[in-house]
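Common to both upcoming complexes is chain A, partnered first by chain B, then by chain C.
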Partner chain A sequence: MNKGFVRGIFTVLIGLWSVTLLSDTEGVFDQYREMLGDDNPAIFVIFDGEEIWYAPAGPKSVSLEQCDLGLGPGVVEGAYAQLPRYFPDVDRVQDVEARLEYCMTQLQGLTPAEVHEKPYSLRGDLGTELEALVAWIADQSSGLVIAPGQAHAKERATYALGENLFYYRAGPHDFSCATCHEQTGRRIRLQALPNLTTHPGAAEAYSSWPAYRISQGIVRTMGWRMRDCMRQQRMPELIMGSQASVALQTYLAVNGAGASMAAPGLKR
Partner chain B sequence: MMMKTIMQFLAFIIFSSAVCADEVYDVLLDSMTDKNFVTVERLKQDELQAFCSQPRSVSADEARAAELRAAALSDVPIPSDQNYLGDWQRGEKVASNGRGLQYSDDPEQENGGNCYACHQLDPAEVAYGNLGPSLSGYGARGQSIAMLQYTWTKLWNTHAYNICSHMPRFGAAGILTEQQLRDVMAFLFDPQSPVNRTQP
Partner chain C sequence: MASRMRIRAQLKEDYCEVKALMRHPMETGMRKDQSGAAIPANFIEDVQVLHNDAVVVQAYWGAAVSANPFLGVRFKGGAQGDVVKVVWRDNRGDSGSGETTIR
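And now, the complex of A and B:
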């Protein structure tokens, strides 16, 4: 059967389901997750991501097959679980998104502006190429142990920076990441909040992104999660693959290290 | 020679020990862009924000904390007419409204207080958060001028009593207007407000 058609059906079903979700309770989402069992609509996005990886693109019309995600050019299996990490060719720590930007500009000849034009979907979109790529790359690490680099001095400095960013209060509401995520057993309205300063909380959160968001019908990446948390903190827009985005993800990945990746997850 | 070694040692201590606040600010400035009406101006910290950005593991400077607490307290305007209580029904709307000051929000709309995100208020509302304490039955804590002043101050600038509290400075930061604050006060204190009805 046509993949796009199946995906369309899924989207419609999910749309109908969400219309009935007048009360945004986790219980209903749990029922939905139960109904899906081991199935996750993200599978279609993963297929797309794989196709995009191998498809020639950009002014140079080459694929991403020679992109080095840290385990050597073209090695995708297991790469996500070891990110963010230090890359000698750029002399800095990168997450999957910063690395994809590097490969798209270096290998495919895209400009940074083109890569940054719309990395993440807006509400109602069907997904971006970057989201699909990240979904596929993360899926290639599913079940593997989270082991971000911490051997290089810049990797450790990035973790320290991430911790400081986590506690940085600013803006009209004086919010930081810690406002919502440094205590255990808390929630906003009915939304449970993981304690990201602890291993169990960080592991639960980090291992489940990227995730298919049921309420939005798209796969969201960890980078998007960082950007959206900043929006909710009343901060300006966090740039995809920026130093702050990478450092915050490094803080979470290192705190969650040792747990197994379970992405793409399925979320509210 | 000796001097040089000492200087190098000092430099090592200073630059290797911690990420300094200025560096964090510079990184944020490089990592963010203006969006709609929200600009990178917001990334600058005031004294209180800077003081309250230490990881919990870092022991607080008690003297500095006392200074900032006193400064917060002295800045709270007490309504000249001693009129603290507005309309509890409007206050209930402010408490339920989570919009305001995000770049995705409409700046023409009035800001909400989003009290339910963190506090239980009307005991019949099940969708309440628990980052802050329950305020159900708040009116029973007393209706004296002292109690009204205390609550007004807490809403205006929580740090006057609880330095580095997670709560926003609703008055001092201009998130809510004085009238909205009076309405929220009424929502907390009015005997007719659902906050003060009998627990189900």
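And now, the complex of A and C:
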């Protein structure tokens, strides 16, 4: 028999097999989501976040109730959907994490080092206060339209910086965010990769973070997602609330603008 | 805090569907923390679903069940307004419960 023909058949079979595997895996997870229905373990973390917001903390023993997330002191509902945005009091564009750091240091008297000691959970942890706060704040924008600020010059500059970072190839693997996220219909192993340069891809990704990660049993924030992508690229550690972290999130938020927030999401 | 649970019970066709989401770390005892120390085992061992105080489901769980476990069960004989309760007990002797009425 013709060897080329046999090889051709084999290749086609392997191809079909991969496609089937992909759809099966996505299908199983969809079934899992359907079974849970409206239930998401993130709900417990949301309750925690609300309690933490109203609880006096830090050396000054005050709550975060006077924290201005962009819609005025204490206004939480709808605030997340309009972040990242420019804040005149710091003359910077901030995301929810940078803003919480500002409020914790200004209102509660914590030092930046204390806020940065452990913003995200490590292995074996059951969640951090920052993760809980972000989960609750994001939940307060659930169903609202993603509308990050782009009127101020610094907001537009932040988007441009985020776009640059997205395409910036570096590190031992000569990787960029775009390496995985600028094509449609691709996957890594069995996970579908969103095309974050398009509106649908960015909207689906941005609207579903923060999210409860079933494999980790905790809620992860968009800031953590950015940092972990950097880690996977073997880049230096992305600092929570840093200009780079805010810029990348601005790039995604603006690309996804107009869609509705659906966070906290549920992820594998 | 350990006893927090989300529970709902809904009448469908000829059965009642119970969905319960429990807050529990479900530590296997096999994991280590960042410093290398073992995280002690802490998982739910026993779960009961009660319909008007009668046990309709009895489950024995172990370390293989995920954190914040979700339980979905169906039983026959429920009517709207009946009380459904889910009770768990873990290996440390802690327990938790949630209660709702059938919709």
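In this section, the second predicted complex is superposed on the first by the 240 of 268 C-alpha atoms of A that agree within 3 Å, B and C clash if a C-alpha of one lies under 4 Å from a C-alpha of the other, contacts with A are read in each partner's own complex, and residues count from 1 in each chain.
As a convention for this text, a contact is a pair of C-beta atoms (placed from the backbone, for glycine too) under 8 Å apart; a residue touches a chain by one contact, two chains touch by 3 or more.
Note that the structure is a prediction, hence the values are computed from the model and not measured.
Q: With the two structures laid over each other on chain A, which partner does A:Ile214 touch: chain B (first), chain C (second), both, or neither?
A: Second partner only, chain C.
Q: Touch test for A:Gly127: chain B only (first), chain C only (second), both, or neither?
A: Neither partner.
Q: Contacts for A:Pro41 in the overlay, against chain B (first) and chain C (second): which applies, first, second, both or neither?
A: A:Pro41 contacts chain C only, not chain B.
Q: A:Ile239 contacts which: chain B (first), chain C (second), both, neither?
A: The answer is first: A:Ile239 touches chain B but not chain C.
Q: One more residue to check, A:Pro194. First (chain B), second (chain C), both or neither?
A: A:Pro194 contacts neither chain B nor chain C.
Q: After the superposition on A, what does A:Gly223 contact: first (chain B), second (chain C), both or neither?
A: Neither partner.
Q: Per the overlay, which chain contacts more chain A residues, chain B or chain C?
A: B
Q: Do any residues of chain A touch both chain B and chain C, and if so, which are they?
A: Common to the two interfaces on chain A: nothing.
Q: Could you list, by residue number, the parts of chain B that touch chain A in their complex?
A: Residues 18-19, 21, 23-24, 27-28, 30-35, 38-40, 42-45, 48-49, 52-56, 101-104, 116-118, 126-131, 166, 168-169, 173-175 of chain B touch chain A in their complex.
Q: Quick check: in the complex, which residue numbers of chain C touch chain A?
A: 4, 6, 19, 21, 23, 25-26, 31-34, 39, 66-68, 70, 72
Q: Show which residues of chain A lie in contact with chain C when the two form their complex.
A: Its residues touching chain C are 35-37, 39, 41, 43-44, 47, 122-124, 126, 214, 217.
Q: Chain B touches which residues of chain A in the complex?
A: 23-25, 157, 160-161, 163-176, 178-180, 182-183, 185-191, 193, 230-232, 234-239, 242-245, 247
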